[in-house]
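Given below, in the form of structure tokens, are the structures.
There are two complexes below, and they share chain A, which is joined by chain B in the first and by chain C in the second.
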Partner chain A sequence: MTYEGWLLDLYADGPRGVALWLVTDDDRRVRLCQRFPVRFFAAGPGPRLRALWRWLRGREPAPGLAREERRDLFVAERLPVLAVETADPAGLQPLFAEVEREFPDLTYYDADVPLTVRHAAAFGSFPLARCRAEADEQGNVRAFEVLDSPWALDPALPPLRILEINLPEGDPQRTPPTRLELRFRAWKQSYPWVAGSAPAAWLRAALQKLDPDIVLTDYGDTWLLPELLRRGQAPLSRDPAYPLRTVEEHTYFSYGQIVYRGQQVHLYGRVHIDRQNAMLWRDYGLEGILENARVTALPIQTAARISPGTGISCMQMQTALRDGVLVPWHKQQVEQPRSMLSLIQSDFGGLVYQPRIGLHFEVGAIDFVSLYPAVMVRCNISPETQARPLSQPPAPNPGLIPRTLAPLLHKRVALKTWAAKLPAWDPRRKSIRARTAAQKWLLVVCFGYLGYKNARFGRIEAHEAVTAGGREALLRAKEAAEDLGFAVLHLYVDGLWVQQAGCRTAEDFEPLLAEVTRRTGLPIALDGVYRWVAFLPSRGNRRVPVGNRYFGVFTDGSLKVRGLDARRRDTPPWVTAVQMGLLECLAQAVSPEDLKPAAAEALGRLRRELARLREGKVPLEDLLCAQKLSRPLEKYTHPSPAARAAGQLQAAGKRTAAGQRVRFLYVRGEERVWAWDLPQTFDRRCLDVGMYRKLALRAAADVFQPFGIEPEELYALMHNAARVPLFPLPV
Partner chain B sequence: MGRTLPSITQSLNEEQAAFGRFRRALRRSDQTALDELFTAARQHLAAAAYAANLLPMETFLLAMLLEEHKEVARLRVQVEALQSRLLDDV
Partner chain C sequence: MDAIRLPTSNQLYVIVGGSGALQRMLTLAARLALRGGVWVLDCGNRANPLPVVRELRRLTMDPVRALANIQTARAFTCYQVLALLEQTCSRPVREPVVIFDLLASFYDESVRYDEGQRLLAAALGHVRGLLAGAPVMVSVRPPPTDFPERAAFVQRVCAEADQCWVEEAPSAAGVYQQGSLWT
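On to the complex of A and B.
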């Protein structure tokens, strides 16, 4: 029998191989089974490999054994290895664990490659791939063929059935839920969250009737699904042979921050995504997760929960498997000793210039598209290759990393170009944005992974070659701009701000884009043309510019703000709103002449906001600061406001761990802060209005300074204005 | 996420700090002038980083000189303009 449709799920199915779930063209869900033996390799001295051979031959069932020669990316000659093959894909891990315990001195390869990645390397499969399978009566696959590619820009996706299980009251561990809501397409039903088995029964009925492909929950990983199953049976997995799989909670350290990941609940033949436990759900949602799964070939449920680092690592493994390159189990390469001079010359990052402080009109902002990945592809930067300078043509035989990245990079550039051509109302724009956001994280992380000490295909010299290529590209762009008569106002790692009298539309900057692309071979795009942009000085010294503190208005009226209080997550929402409000007033100015009336309007707005604060009309929630605890409470010698608030919570019996945010209000009195989550009710009279006024004025000062209103002047203006309503001046 | 080498901003801060005793012994008015020189060097941090000089202070001194020269050139143009205006008036 021939089945045609989309691949929904793939997992190990005992000695029979792998189970494949297809969503067929006639909307059926079919479970097939495919023989899929998997292998790992061992390398080392001959006598030890022979000992391993003898040890393995005596086992029941005996794995397939063969002597082969394979390529290790970091070794020049081909390596003699012992290949160990098991018919049961799930049996590989336990067997390998035993082998590793018994023969810890050998070097192992391909031992921990995820099953879907192996399948992808063998058949080109990926989640939601169009595929055709021939199978016998028992569902055993005879032939399997993938009909599309993960690099297709607008693939036809299956009509997925999505069941949402919501807890409308939010986190059940903070507020005990009272209702359970099920939602499927236009159908919605709310149930009371009662004790006993009833909620599980309602879910069971819904699952049986609707047979969803994706179960979308809030807190499903950490609380809801385990709790429902505790109450009663429900066929959460589609495959009756496999109920479900849980992954323990864990905490790890990433990019200088502590990250906590809750427990996970994975289903078989059906996909469970917990919106609260999914990676970057707020950034790219379900569309981004599906895109992530398609390009990394990881199961949808895994792709939803892993970091982009794991994703890109799996893509590299796939390239390696396809090329017959061994995937090291543990990285063995260490950094080579090198001279101080070589460190001084190469161990630094992107170029960050000091912008020309002040207000500038009609400025073009141009950015390289995914600069570092583009450099990796263009300069052929990979641990096993010699990087090529930008001045030379691209390498004829790209290395492992460029080959992994190139299709992803080209797809992202193509999608962005396509989205830019679509009209603003087109619904596909939103979907493309989510997908390119998912791709962006994979590409960003790929650069970091080259320098990460545990990355399998990483090498610090390759990492440095990328930043060197980035610097070269930026300088070439600067030279191109200056040659074409532009003044370069600012350069920041992958972007530049340029200005030339008479250049005010996108077309005016096209010759520059073409010239930069000609000189670098890298894609570059116009981020936008600013009506005006203001680069701000440091708060400490008004003559010293800062690289990433600016705001401006594009010709379409939209604002871009960087490095201001409004962008910080610990700024009280009211202060953010005040600052953004002022910017919106100023954004109305189309020409330099309009700026004066716009600034006057902004001043009026600031006065009104300060009056609202004084009169107690700003809701307390809008005055909350939310600062992160940077270390455990007892490690503070001079407690920050957040630490003092956490101390109050601790005294009230509520623990706050390092890395968590603490919400508090500024109050008068010795403590200066009031932890928001304290059980007592807050007395508004304690509020430190002066502190909030100071914060708002400081935020406002940043906005007004480029327009010639110095902070002292602003404070004086607002101070006098504050008295106006009390003692109206005679006109 | 550690760095092997100090960043260029750190280097400049260290160099500036190293002149702490020198600065202390200067008159108040000269202290301000010295601070301005270091502020001038700060305008070219990116170029100094790119130069990757073993002795970064050399680059910083050149950056100070560069800003000074720009100022001299600007003043020269102004003086010439004023001169020509004076001559015209005469």
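On to the complex of A and C.
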């Protein structure tokens, strides 16, 4: 029998191989089974490999064993290895764990490659790929063919059935729910959250009737699904043989930040995504997750939860497996010795030219498109290759990393180009934006992964070569701009801010873009033309510029803000709104002459907001700070406000893990904070109004400073309600 | 432990301590570089070149030449530490070897205790191999409070040492406190 449709899920299915779930063209959900033996490899001294061979041969059932020669990316000669093959994909990990315990001195390869990545390397499969399968009566696959490419710009996707399970009151661990809401397409039903098994029964009925492909929840991982299952049985997974799989909560460091990931609930034959526990849901939503799954070949529910670093690592593994390159279990490649002088000369980051502090009119901002990935592809930077300078043509035989990145990079550029040509009302623009956002994160982390200690195909020298290429590209761009008569106001890693009298439209900057591309061979785009842009100084020293702290208004009236309080996630929403409101007032100014009245209006707006605060008219929710716990609570010697709030919650029996955000209000008194999720009712009279006033004034001072109003003057003005001694504007 | 003496024979010197010990190791590396070649193996991303440069500036008119005498390589996991020591051992090393923060990656929570023990034993074997050609100076930090059992790793390294310095934590009793001006 032949089935044609889309691949929804793939997982290990005991000795039978892998289970494949297809969404067929006639809207059926079909479970097939495919034989899929998997292998890992061991390398080391001959006698030890022979000992391993004897040890494995004596096992019941004995795995398939073969002596082979394979390529390690970091070793010039092909390595003699022992290949160990098991018919049961799920049995590989336990077998490998035993082998590693018995023979810890051997070097292992391909030991922890995800199953879907192995399948992708063998068949070109990926989630939601169009495919055709021939199977017998029992559903055993005889032939499997993928009819799709992850690099297709506008793929036809299946008509997925999506069931939403919502808790309208928000976090159930903070506020006990009173209602459960189910939503499927246009159908929506609300049920009371009552004691007993009723909620589970309602969900069971919905699952049986609607048979969804995707279950979309809030807090489904950390509370809702475990709680529903505790109350009664519900066929959450589509596959009755496999109820569900849970992954424990964990906290880890990423890019210097502590990150908390809650417990996960994965289903079989059906996809569960918890919007609150999904990585970057707010950035790219379901469409971005599906794109992530398609390009990384990870299961959809895994792609929703893993970091982009794991995604890019899986893409590299796929390339390696397809090329017959071994995937090391532990990277053992070390930096080659060099002189400390050479280390000092090469171990640098991106290039930054400090901006000219103050207000500038008619400024063009141009950015390299995905600079570091583009440099990696253009200069052929990979652990096994010698980087080529920008002045040379691209390498004829690209290395593993450029081969992995090039299709992703080209797809992103093509999608962005396509989106730019679509009219503003076209719904595809939103979808493309989500997909390119997902791709962007994969491309962003691919550079960091070259220098990451645990990256299988990382190499610190390659990491340094990328930043060197980036610096070279930016310098060439700067020289091109200066040769064409532009003044360079600021350089920041991959972007330039340039100005020339008379250049005020996108067309005026096109010769510069063409010249930069000619000199670097890298794609560059105009981010926009600013009516005006203000580069801010350091708060500590007003004579010192800061690289990435600015705000400005593009010619279409849209704002761009970087490094201000409004961009921080721990700023209370009211402070963010005040700062953005002031900027919106200023954004109305079309010409330099308009700025003076606009600034006066902004000052008036600030006065009104401070009055609202004083009069208690700002809702408490808008004054909430949300800060992360940077370490476990007991490890604080001088507790931060977040730690003090977490301490209050702990005393009330509510645990907060490191990496989780704690919401609190600033209050007067010894504690100085009030944890928002405490069960007691908050007395508004305790609110530290002075603290919020200070935060708002500090945020406002950043906005007014480029317009000639120094922070002290602003504080005096707001304190005394005096008239504004306006300007002079630095026009 | 005010200053670490320059090594005079092919012995294993171990310095146990935190930032103070690290600073002394950096100073030592700078002073060794003035005399000739020196190998700096950085196993904890701690061998910041800038303090070395500052020390060299203080000691010589030509810090660049001295910097060129320092051969350095970094390892970021305990598997890489082992590979780095193995690789260094395979060279005919005749210059002093300074190993920074040898145990940093052995305190990684993702490394099992017994695996760490095995790797450390192999790493110390290579350190002994290096001693055939040159003196070796190793700095180690005590384990973080989460892994008190890994203090055994420090003891294991110290047991291998010909000379061992331990940085003492400043005791509260030893800190000078000014008396009240008004009594």
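The rule we apply is simple: the second predicted complex is superposed on the first by the 618 of 731 C-alpha atoms of A that agree within 3 Å, B and C clash if a C-alpha of one lies under 4 Å from a C-alpha of the other, contacts with A are read in each partner's own complex, and residues count from 1 in each chain.
The criterion applied here is as follows: a residue touches a chain if its C-beta (ideal position, glycine included) is under 8 Å from a C-beta of that chain, and two chains touch if they have at least 3 such contacts.
This is a predicted model, so every value here is computed, not measured.
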First, second, both or neither for A:330, with chain B first and chain C second: second
Touched partner set for A:341, first chain B, second chain C, both or neither: both
First (chain B), second (chain C), both or neither touched by A:352: first
Partner chain(s) touched by A:454 [first = chain B, second = chain C, both, neither]: second
Partner chain(s) touched by A:104 [first = chain B, second = chain C, both, neither]: second
Common interface residues of chain A - those touching chain B in one complex and chain C in the other: 341, 343-344
Chain C residues touching chain A - in the complex, by the definition given at the top: 33, 39-40, 49, 52-53, 64, 67-77, 79-80, 82-84, 87-88, 115, 118
Contacting residues of chain B [partner chain A, same complex]: 1, 3-5, 7-8, 36, 39, 42-46, 49-50, 52, 54
Sites on chain A touched by chain B in the complex: 255-256, 341, 343-345, 347-348, 351-354, 471, 475, 491, 541, 543-545
Chain C partner contacts - residues on chain A that touch it in the complex: 104-105, 330-341, 343-344, 453-454, 460
